[in-house]
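Chain lettering (A, B and C) follows the sequence in which the chains are written, and residue indices restart at 1 in each chain.
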Amino acid sequence: MKLKVQLACAAITLFMGAPLYLITLAALSSRRSLNEFPLSLLPTSLSGETMSTFLQSTGILGGLLNSLTIGLSTVALSLLIGLPAGYAMARYAFKGRDPYQLALLLTRALPIVVLSVPLARIFLDTGLYDTTYGVTLLHTALALPTTILITSAIFLGVSREQEEAAMIFGASPLAAFARVVVPQALPGIAASAMFTFVLSWNEVLGASILTLNRRTLPAQVLATLADSPLAFRFAGGLALVVPALIFIAVARRYLLNMWGTTLR
Amino acid sequence: MAGVTVTNLVKTYPSGNRRATDDISLDVADGEFLVLVGPSGCGKTTLLRMVAGLETPDGGTVTIGGRDVTRLPARERGLSMVFQSYAIFPHLKVRQNIGFGLTMQKVPKPEWNTRVERAAELLDLTDYLDRHPAQLSGGQRQRVAVARAIAVDADVLLMDEPLSNLDALLRLQFRAELKKIVARLGTTTLYVTHDQAEAMSLGDRVAVMRDGRIAQIGAPMDVYDRPGERFVGGFLGAPPMNFFTATVHQGSLVVDDQSVPAPASLASWNDKKILAGIRAENITITQGQAQEGVEAEVEVAEPTGSAILLTVRWAGGELKVQTGPGLRVAPGDRLRLELPAAALRFYDPETGLVLA
Amino acid sequence: MRQTRPALLLIAPSIIFMAALFLWPLIAGVTQAFHGPDGPTTQYVRRMADDPYFWEALRNTALLIVVLIPLQFALAIVMALLMRERPRFAGLHFYIWVVPLAISDLAAGLVWLSIFTDRGYLNSVLDGLGIPTYSWLSFEHPQTMFLAVVVAELWRATSLVFVIVIAGLQGVPRDYDEAASVFGATYWQRVRHVILPQLRPSLQVALILRTILALEAFAVAQALTGRNFPLLVGETYQWYYQLQNPNVATAIALVVLALSIVAAVGYLRLMRP
């Protein structure tokens, strides 16, 4: 039994891990070696050439910058709006709490595509079309329900009594929040912020539809996909995967919270 | 220093359909240690939290040291509190935890240090000041919570089941220590617990609560010896007070074919049923051929070391009898029990209230 | 009710924001799909229905869901049960298994492109083994094209189900499991009669979520096959981008929305305890 478990785990890890290895290998191979056949499965001709060519292609560096700008603004905006709401969910038994929570869950199930096309129309009318602000708004809307649900779970982890203790000993509600709740919730909030960033980094359909020139990195890769050489596509693949590798490594502790329990 | 007065305090939680505290009035004298005790859901914690300012009453007032604080937030009431979960801050070291209240009051650094160290010394925490709470045992965390509460020198100290998360042995040890510390400080103290033994051992007075009201309030031994209602007798004491129904008949209490002498004060209840109560340790066993008392059969004998606790059955039902450790009895043995008239308490069988 | 006012103040910004970015576009979308320059119209819906690509995309999307989701759930449950056995290197396995959680479907398509493309790693391995190579992604081979999309989606999106199931398993106390084994249940009996029934709520959530997300898949197919394997959302993108017709694009988007709702409601009814 034990051996079978080990073998099965190894097999699944191979299935999950091999593509990650191969895309890294492909993106870090020289163009010349990518044209050879059969391709080598071992890192025999490592080179930064493919990646640097990719980064120098039209629109890629700008896309990278746009992706970063939009990702960070989305994080800031969704925390700004989401933290108070998450706190309210964790601490208050208010009227309408259940419908509110249900609405949050429902919006998570709303296909992005349904929002994107009408939003493009609305943004055209309001001057937000083809701006990083417009995409930030869409991405914040997508991330907000999750941010609220995750942060409310995080705030629940800091007992109410601790806040009360702070207030008994002379802290105002705001001081109690800042001195007692925030320091303890910070790692969780950071994980939630990273989740939001990755969501924004990965989102391609909305970003494609809402922009023309100010494309994000994935939107740029998608738009030029059909006309680009394989090497470009592999390099794009790696560029899109790397944040995921970092995010999962850092936020592993919170994964179950983010994708698991709060989904209910 | 200050006393606490609670007047006509009413609180109903939105989720509940009955009052958590039902028109409670209470006076705690300056420097007094008052224990609120009762089963869960009796409103004792709600009452404490309204005094603390963590809960807003629907009606009534709270005054501390003559000042009406009903509308003031907790931080302006000049009190201090020990929480059931301790609520010490995991991200702060023990030193910062103990000094939290002083930090909030912006106490100057030298004084801050002296007061934190004095509180730590009082609770044997001096060696742990630079640790984080995660590195402490449950008992030590409890000490930090108490040290934090006394460091601020508040007028009133509130404690919400502070010992309930400790294991039995530690709880006994810390109980005595807590009593000593609070007595030394002389702070007015309100203490909530569901543990009747804790209430008896700590309080200058105990208030037994039930269904949002104070059923009886008084010195621990008074309340123990003369429960004002059946509920109080059944709640205080281990084992709880024995109760049985008897008919008063011509100066006797008659149960089936058994009878014990009744005091003259029950004359007005002649030929009526009443409820009689007696503590386990007040029943005496008469061995040999004596004819006084009532007949009973031993069902269970539990030696507890310092005593033997017997469960016996007689005409009036089941009785708990506490007797000295020397007695040798076995299940099935027949005994005669004496129920001294002076130790008997009488209650109205309908209302459960004591008969005057 | 207690403390309703401060709570409402705290959630008000989120409500306003979501109304502006969910409700408004939703209403605008319905208008866009059914309202032409001369009042209400079904012309966009008819144009959508007249497009052969639409029906192919609908069929492909349905096929993808029907094939992918059972595979995905089987794999995810096996993965979760394996983790429950606390294998060696559990931390490493777990990390690799959950990495795809944060990988977009475009990235997944590109990753698997390096494997399935004609001169890619799969053919390289086949060639090394002396087996003739094969054009996996050619439009002449719709079966293997479909297979490639399924494998890429299986790789990318199984971790989501896995994580939900793992979280659900944590709520299943080991006592039950141990009690069942004391009473002589075999491993598979325990899985079938003790563990799976308690995972039901988690599985239900995962099923709804995965189906809705699978309805939205498009970049993975785009990256692997271009427009040779059209999916519904990919068609929205085509209509909007290549054909410059936002009205038909919205009509298709509403079909996706309708299917999402039907799927969610259907599962809720089907899996009612």
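Operating definition for what follows: a contact is a pair of C-beta atoms (placed from the backbone, for glycine too) under 8 Å apart; a residue touches a chain by one contact, two chains touch by 3 or more.
Fair warning: this is a prediction, and the values are worked out from it, not measured in the lab.
Among the chain pairings, A-C comes first (most C-beta pairs in contact). Think of the whole protein's Cα atoms as having one middle point; the chain whose own Cα middle lies nearest to it is A. Each chain gets a centre from the mean of its Cα atoms; the one farthest from the centre of subunit C is B. If each chain is reduced to the centroid of its CA atoms, subunit B and subunit C end up 59 Å from each other. With centres defined as mean CA coordinates, subunit C is found 17 Å away from subunit A. Rounded to whole angstrom, the centroid-to-centroid distance between subunit A and subunit B, based on C-alpha atoms, equals 55 Å. In subunit B, the residues that touch at least two other chains are 14. Counting partner chains per residue, subunit A has residues 93 touching two or more of them. Of all residues in subunit C, those that touch two or more other chains are 1-2.
Residues 1-4, 6-8, 10-11, 13-15, 17-18, 21-22, 24-26, 28-29, 32, 75, 78-79, 82, 85, 87-89, 92-107, 110-115, 117, 119-121, 123-125, 127-128, 155, 159-160, 163-164, 166-168, 170, 187, 201-202, 205-206, 208-209, 212, 215-216, 218-219, 222-223, 226, 233, 236-237, 240-241, 246, 249-250, 252-254, 256-257, 260, 264 of subunit C are the ones touching subunit A in the complex.
Subunit B contributes residues 14-15, 52-54, 73-75, 79-81, 83-85, 87-91, 100-101, 104-105, 148, 152, 158 to its touches with subunit A in the complex.
The touching residues of subunit A, when paired with subunit C in their complex, are 1-2, 5-6, 8-9, 12-13, 15-17, 19-20, 22-23, 26, 35, 37-41, 80-82, 84-85, 87-89, 91-97, 100, 103, 107, 109-122, 137-138, 140-141, 144-145, 148, 198, 201-205, 208-209, 218, 221-222, 225-226, 230, 233-234, 236-237, 240-241, 243-245, 247-249, 252, 255-256, 259-261, 263-264. Within the complex formed with subunit B, the subunit A residues making contact are 93, 159, 161-162, 164-172, 175, 180, 183-184.
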